[in-house]
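Following are the structures in question.
Here come two complexes built around chain A, the first alongside chain B, the second alongside chain C.
Moving on to the complex of A and B:
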């Protein structure tokens, strides 16, 4: 292995690592706020990427039906609850988000030819389709059991994952897709050639991480999420709605997932079940950070990316084995060095 | 309880209407899971098959095994014990088909597999007596590739394949054949179907400086190494296996797969076959039927394996009907015997000439070399 190959592998590892880092952050965020180990995180990658691919191919993405369906289910459930509890004044607001918004988006899809839109508009449209699914999934699957144990939440999470993979196959078929490249430019750094796409992935990831940092440090909602993560009961006593915190964290997770998908779709073929493995690698990163620390999780995810790139060169048949084996020494090290506190359920 | 009773009553009614006279064919295929891109066109194909053979109504009972071995076995047991099928078609992939052999042999029901590995029908024994298959053996395709390589003057080749049974199977066959033809294998790498990057492997392939690269993957995931090879400036010849022979591969591969060589069943280039080729008519019939139902360009070679299984059955049923009634053991035994004596039956993928020792019966007419030119499959004349 010469220097050139080492640098190329490093570049590849960091590009993938950046995506894993984003997903690791989302996983840590969701777990900290809601105690859900969010296995379907990777599915948002798939949905985001394939929705964009469908829009570019001029097809109506199946995710619109998911949005309409989930919205309708929420409308029925929430309106029934409102009628029973006599809080009818909440109904217009419920209908606005669960019926009017999906229908409006569907109408928009119907009116414009998505293939002719500029790429930025296609990306925005994909995000409009995917992002609301986060809070909707929280409302339907997790909110009713929000106070249950971590294990129950994990089981629900697996169920949601399987459902979304099945729907992905139904909407997009078994074959994969790629999206058009955002840029054909290449940059030269010394002897290394970097594609514009790689630069874009790195820049967007850095920007997104900075934005998340700003959100948590400087905004009221970000602080509310942090407060909920530190102490749910305490946060509730301070007037922070845990339901709001849950939905907001899922919204962010869906946004991060969909954006990650859109970023890697031009450099990798995405299948209906690709997201799971990508999410799992983000999860390994998140574990390195103990599902608690954002910077360590991001660093762990970068490590996963680099390990993957170099092991694919040295021992390609054992690449996944090496990546997932990483979790064992990390867990041992964590269990030896950190003081274990029984979680109060 | 009432629901259960109703269900029981319903199933009795449906069974009663099926059990007499109709021929029941049980199908277990992988319409979901990792092999879905193969299983879906197969599933679509069953809708195009004849509904009557020799005046007998024929029912296809299709179950999905989700590319899962346990599910395939459960499906087979269910089809045999509950639906009392006369024959089984399936499964899509090799591990599932291998697992089903024990079940069908015990129940003495003939089975036609749509999976590629030669191990499904070899070595012939008391259990495999009941098992037939329609796709070409990997070995036959490996012969086609190595033949073409030595004709093209390829001296060294690098191999990259799936890190699963498909890649391993190809590695075994190909490394043997290549050695026999004095082609040197300079690199052997693996990657996963779901990988988003193969930069590491590709750099290693290129640093070995081979005349040609063989990519042993199936469906669109096989495009990834080729894209990376082009990206890193590899200029040599690239070979793919017949696993990529569907139009989604062309769509995802785009201009990066131009010039690729691959072996494939004749059905892939049915329209370009010379008129004298006896397979042309059979292959074109399938292509026309499939495209009429699912749109132009939708046909894939995988569905054609299912079609060939249907042809084999349709060909064997009239002979078997003379010996017994559908639903009886006599009929199943006669059906097996009739399948084994199939001679010169033109399928979409090749000419079937079965014998007690060969339950596939394909010769060199079952493969052609194809090149991708201008985003289309082009038959090598």
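Moving on to the complex of A and C:
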């Protein structure tokens, strides 16, 4: 390996690592706020990438059916609850988000030819299709068991993952897709040649992390999420709805997932089940941070990206094995340094 | 009771007749159900009973399958491995040994951490081994290994599905029997106590890390056995059936069937296997393309299941045949020779001495320079307003949450560095302010957990039920303590069905079952009615007369004053008074703490 290759691999590793870092942040966020170990995080990457690819190919993405279906299910459940508990005034709002919004989006897809839209509009349209799925999944799968143990939530999480992978296969088929490059510019820093795509991934990740930081430090909703993460009961007593906190954290997770998918879709071929492995690599990063620390999780994710890049050079057949065995020393270190004192759940 | 036995016998007869009457297709299906059920059984123990979980069981199945596949087919084994290739049975031993090593390593890495690290660790393990199988040259890569020999049992060759059927189902039934034996034993109670949190179990002397490791190990070994059978049934292996998604499917089987019931494993394996077969035919026709669409149905089904019927299908099915386990026990209050007791104490022996105990939480000093002592045949009451630091002292003494500084001696030995298990072994036993019982277990079984340290037979004898004599004595001891505290008529009721006051009394019985010399009671009278309080006071007086030392935290001042020999009063983490009940009652500092002083 000469310097040139080392730099190239490093660039590759950091690009992927940045994506893993975004996912790791989402995982830590969701776990802290809802205690859900969000295995389906990676599926949002897939959905984001393949929805955009479908739009660019002029096809109707299957995700619209998911949006319509999930919306209809929520409408039926929540309206029934409203009628039963006599809170009928909530119904218009329920219908707005679960029926009107999905139908409106479907109408938009029907009216415009997405392939002819500018790329930015395609990205926005993809996000419009996918982001609401986060809170919808929270409503349907997790909210009814929100107070259950971490173990039960984890099994639900795995079940949701399976469902989404199956639906991904149904919507997008078994073939992989790539999206068009956002930019074909190249930049030269000294002897290092960076593609515009790499720069875009890094810049967007940095921007997104900064935005999240601002959100958590400076806005009321961000602080509400942090409060819920620290103490659910305490936050509730202060008037913070844990349901709102759950949906909001899932909305953020869906956004981060979909954006990550959109960012890597031009540089990697995405299949219906690719997201799972990408999400799990984010997990390895999150575990480095003990599922609690944002900066350590992000650093861990970068490490995963680099390890993956260099091991693909030396032992490409074993790169997945190497990446996932990284958690052994991490777990060992955590196990030796943590003194776990049990508290009442 | 009889009905259940009839059903079991009928089921066994059907199982035995199966291959004689069923067409080939169904025999094959039943073979797979049997194989999957062995794996799911391990998960019942791990997830349903122990409250842990693993997504990596398919990887253990793969380890069993690949070990035997490699050893029995490789033409040139390294010299030291060659003897193990001679027979599939020797290869099974290798597989089990490998599995045990991996399971112990994963367990050692994750079981000390919070509960979700084990499943995450098993996900990583499951993925790694899948890629490893697919990429290792000597394991045949993605094409796998063919030409695995058939098995022979006692000289009989097991070659066809119908013959294999008996082997698989015999092994499954043996595994069910072993698991049931284990659960109905001292070790089994320790395992079942895991779900109630480790705090109580450790205080009763249960080594929870060991119990967790044991069930993870057993689950992994079952999976390995299933893989070994699979390899010799199929006669070839490739990585596909050992991937993470199959690992998830195994977990679904256990959860769907009823994760806390051994027969749930069989039910879940049956339902999922048949459903999968059916959906794999049906769904591609509906969707017009081929693929594993059944995962959509499984996923939705599992979410609904966990929302609506978290205990799985088995309890629903079992309700149709009313005959609870309690009824079976009810017929016989256990009797046996008493267990050996600790030697009697000398009168007025110094039992506990706390010297300058300090406990800090960050900057908060919850307990500052606390000193006091308890003698045998004495009731010392620790009182004080809410937040005075009484429970903190309790936790320091019993080793739940060690003191920041200071010395604690129990019967002359320094104990401030010991954990709660070691302290329990020395003869200190406690109750909890917030009752910690296993609500679905009977009162008898709950109390028997208290006697954990008075038994010694381990997991192996429990699996084979070779420890029945000891078990009977433990149960009899528990029954004696239950009678002693006056809960005899509730002996076979579910602990969770008792009113709170009686649950507190149950905790005292559990503490007594440990044969303690010092009893730590955290607010035992809270929630009791007047007559119950009198009965409790009588009980404590009797224990005192027998020479036991009692340290009591209590809010009910009347109760304390009528019972205690000496009283220590705490406020803001400090001792503000100590003495006879009458003196303390007159103490101005105490009056100020309780009633507010004159400014």
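To be clear about the criterion, the second predicted complex is superposed on the first by the 344 of 345 C-alpha atoms of A that agree within 3 Å, B and C clash if a C-alpha of one lies under 4 Å from a C-alpha of the other, contacts with A are read in each partner's own complex, and residues count from 1 in each chain.
The rule we apply is simple: contacts are C-beta pairs under 8 Å (C-beta built on N, C-alpha and C of every residue); 3 or more make two chains touch, one makes a residue touch a chain.
Bear in mind the structure is a predicted one, so any value in this text is a computation, not a measurement.
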Touching partner for A:169 - first (chain B), second (chain C), both, neither: both
Partner chain in contact with A:332 - chain B first, chain C second, else both or neither: second
Residues of chain A touched, compared between chain B and chain C (which is higher): C
Partner chain(s) touched by A:283 [first = chain B, second = chain C, both, neither]: second
Chain B versus chain C as contact partner of A:232, first or second or both or neither: neither
Chain B versus chain C as contact partner of A:139, first or second or both or neither: neither
Chain B versus chain C as contact partner of A:269, first or second or both or neither: first
First, second, both or neither for A:317, with chain B first and chain C second: both
Touched partner set for A:156, first chain B, second chain C, both or neither: second
First (chain B), second (chain C), both or neither touched by A:8: first
Chain A residues contacted in one complex by chain B, in the other by chain C: 166, 169, 173-174, 277, 317, 320
Chain C partner contacts - residues on chain A that touch it in the complex: 37, 140-141, 144-145, 148-152, 154-156, 158-167, 169-170, 173-174, 277, 280, 283-284, 287, 291, 317-318, 320-321, 324-325, 327-328, 331-332, 334-335, 338, 340-342, 344
Footprint of chain A on chain B - complex, ascending: 32, 34, 36-37, 39-40, 160, 163, 189-192, 194-201, 203-204, 207, 219-221, 223-224, 231, 246, 248, 251-252
Residue ranges of chain C in contact with chain A within the complex: 47, 51-53, 55, 108-110, 112-117, 119-121, 123-125, 127-128, 131-132, 135, 197-199, 245, 248, 251-252, 255, 287, 289, 291-296, 298-300, 302-303, 306-307, 310, 401, 434
Parts of chain A lying in touch with chain B, wherever the complex brings them together: 5, 8-9, 12, 15-16, 166, 169, 173-178, 195, 264, 267-269, 271, 273-274, 276-278, 308-314, 316-317, 319-320
